[in-house]
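Below, subunit A partners subunit B and then partners subunit C, in two separate complexes.
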Partner chain A sequence: MAGGKIVSIHSFRGGTGKSNTTANVASQIALKGKRVGIVDTDIQSPGIHVLFGLDETKMGRTLNDFLHGKCPISEVAFNVGEKAADSEGRAKLAGKELWLFPSSIRGREISQILREGYDVNRLNEGFQTILKELKLDYLFIDTHPGLNEETLLSIAISDILIIVLRPDNQDFQGTAVTVDIARSLDVPHLILMVNKAVPKYDFADIQKQVEDKFHAPVAGVLPLSFDIADNASRDIFSLRSPDHDWSKALRGVADAVAAVK
Partner chain B sequence: MTASIPNQLRKAFLFRGLSSDALTALAQKVSVRTLSEGDVLMRRGETGDSLFMIDEGWFKIVAEGPSGDELIINKTGPGETLGEMALVDEAPRSATVIAISNARVLELKKDAFQEILDQRPDVALALIRGFSSRLRFSTTYIQKAIDWSQKIAAGDYGFIENTQQFSGNTESDDDKATELLSAFFQMVRSVKAREDELKQQLEKLTLEIDEARRKQEFEEITGTDFYANLKEQAKKLRAQRMSSENEG
Partner chain C sequence: MPGVFDRLQKEIEDKQAQGGITALDLADLPPVLRKIMRLMLRELQLSYPQLTEAVASFPDTERIPRNDLDEALAALTSQSWLIRIGQGEKAIYKVNLRRKAGSTIASGIWNTLDSKLKK
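And now, the complex of A and B:
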């Protein structure tokens, strides 16, 4: 495909590190000079805005406004390269072409959209508009865990699906279902990423087991690390600490995404 | 054989520091003893009064097993010294030594040896030097073994890489200590290998999938109208994007 690619980041269970992975992989790719967008479709429990230093005071229009027909999607764009270079890691994104489309973090707006629902087709139109208007090379979609409707939509329209899993049996089980769904929906490129692997385990063995089971490439096994937890999603860790083992493995995932033609 | 006796004697740890002149004097006190297979050269527990050097033939060094049976600790042959401490201390023999072939040994009796000590203070001095160097040698090695033991207890095996192996050194009289340390080394290596293997086992995760549940969950999700619709739409959308990109 010559145009922009949609990359969804998904995990069956919560807290696997989707938002951190999305923000870091997207940033690494923007760093290489690509035009990159990120949409937070985790409407129920948005999280990725924190990684880009966005809080209630800085947040303007949100994805909720767009879904309710209050504004065009272009107004939701938060230009990270211009505005968020306010931390050690993010400073490296200054001047880069990276846009974030945040979900509202106002309790009232969250409960409203959950109560009233929205048209997933409109969400899809939004994706297509962003891709075109901003001439994106990549549109990353951070998702809510599980397989609800907007997540299924994001999987269905993805060119690349990254499934993040922890090396435990519950995640393994959930990933199996997601892999089956992705195949049923003809997702062209499936990439697995293991996060929060306890360093005492044999990472090569974990990679092999996961690859053997799912017949899909594992682009990286990333360690469980106190340093990531300590970063508390305040900054783009792989930019802040590029020499950390987690960051090195993360760049491997970004390379796998960039390698898809 | 007499011509080589001083050289033979030099091999004994005790006589290492002696001058050729002193060794020659000592050699004159040495007598030759021949043994047949099965002859007992010395018996554990007896007070010994001779040093032996094996000239020809082989011996077994034996101890008594728990049920009184014979336990071979070691075998020894030409060039080896046996019971040298008997010349200076009163301690009983520590093991029994039996010829396992016809053999010939050089024997230096305690009395003859002490005669020399009376006559030649230089020999006495050289002996003291020999003892003190042996003592220093032993304490160095013991200290090393203590250091290593402490490291092993703490799980630190780094010294294995940083210490050269003790081997190929069989000519020296330091053999016993060296042998001990090399046995010690072997032991550490195998302990570490076993520990690594154990760790390796711990490090492997067992990941399993309940296939029946996988199938059931998949069917639950894909069985809805929404899903059927989505699948249809997704197909169209991909085709659309494909063609619009090809236009642009």
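And now, the complex of A and C:
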């Protein structure tokens, strides 16, 4: 098998902070000196590029171009370590080995994928090519919430699946579905992360409840925070505010990923 | 005149058109077949000797006897979930995922959306 690990980040419902988590965990692992890629497979509603300072004007080739056979996957790579030192947090990634493979934010290209579908073999070939050509230690896949082809494929090929959930009954029910599917697909390592926990509650108690319910380790319980909201996806929060409680807990999740052998 | 690679590519495309597996189907496979498919998803394509070598490197408890491997490969290729090019020791196997279908909503809606987005 290819040397690097595939890490999928998923949540059954939207709004859990999945893309924010992906960007932060991947950045923390890149800071450790690892070679890291991030693919945005949330083709219907892409967003992680914003956290890396990309907008439509700066975006070159995208995953959509690759899926339509217009370019090789290598042309989609945006080298964060070379180009994203334009904010206090992202500046810490200068010189690091971190690449982003964004999905298109152009309406016509999103509608084209939805209308025509695409070759799922090509998407998988893209993942494996990225791992090998860039000699990645980790390839993070940011998924669309819920279950669709991209999400299921990414779960099926993952070495590690991180499921992000809020301490909310709707999230609990949806997470049970994803956990069942992950186990059915023999995903080797399943990690849960609770995000947006209301600070007045006992986080150790939340962790125990979630671990007991899903029989899987919780790598971190991260607080609901106005500071994160105020960041408004302008920057990589854990790099910008490393001493914040959210950032400390996030680093625990990154450590859990790095600890998987 | 098409070369050998053109003909092989055409053969692969013809077989891909016959169907393919979805990631959700993987969950319903017997463990041995699922293990082979997960391996193939990561490796994309393997020759038969490479496959037997990879399977031999599985942990003891997960190792697949040669006969079971051959039966599994036959089952997976018969469903067009794996595509086999060539025979016997020279066979090359390639995973075949089903194409993601496009939207089934009326095309007029997409045309209207496209024309709006062009503005």
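Side notes on the structure shown:
To be clear about the criterion, the second predicted complex is superposed on the first by the 259 of 261 C-alpha atoms of A that agree within 3 Å, B and C clash if a C-alpha of one lies under 4 Å from a C-alpha of the other, contacts with A are read in each partner's own complex, and residues count from 1 in each chain.
By definition in this document, a contact is a pair of C-beta atoms (placed from the backbone, for glycine too) under 8 Å apart; a residue touches a chain by one contact, two chains touch by 3 or more.
Computed from a prediction, not measured in an experiment: that's the story for all the values here.
Considered on the superposed subunit A, subunit B and subunit C are sterically incompatible, since they clash.
Once the two complexes are overlaid on the shared chain, A:Q209 sits against subunit B while remaining clear of subunit C. Of the two partner chains, neither subunit B nor subunit C is touched by A:A258.
Of the two partner chains placed by superposition, subunit B and subunit C are both touched by A:S184.
By the touch criterion defined above, A:E149 reaches both subunit B and subunit C.
Look at A:Y201: by the touch rule set out above, it reaches subunit B but stays clear of subunit C. By the document's definition of touching, of the two partners only subunit C reaches A:E125; subunit B does not.
In the superposition on chain A, A:G107 makes contact with subunit C only, while subunit B stays out of contact range.
In the superposition on chain A, A:G117 makes contact with subunit C only, not with subunit B.
Under the contact criterion defined above, the residues of subunit A that touch both subunit B in one complex and subunit C in the other are 1-2, 121, 124, 128, 147, 149, 152-153, 156-157, 181, 184-186.
If you check the complex, the residues on subunit C that touch subunit A are 16, 20, 22-24, 26-28, 31, 34-35, 38-39, 41-44, 54, 95-103, 107, 110, 113-114, 117-118. Subunit B meets subunit A in the complex at residues 200, 202-205, 207-210, 213-214, 217-218, 221-222, 226-227, 230-231, 233-235, 237-238, 241-242, 244-246, 248. For subunit A in complex with subunit B, the residues that touch the partner chain are 1-3, 121, 124, 128, 147, 149, 152-153, 156-157, 167-169, 172-173, 176-177, 180-181, 184-186, 200-202, 205-206, 209-210, 213. Subunit A makes touch with subunit C in their complex at residues 1-2, 107-108, 111, 114-121, 124-125, 128, 147, 149-150, 152-153, 155-157, 181, 184-186.
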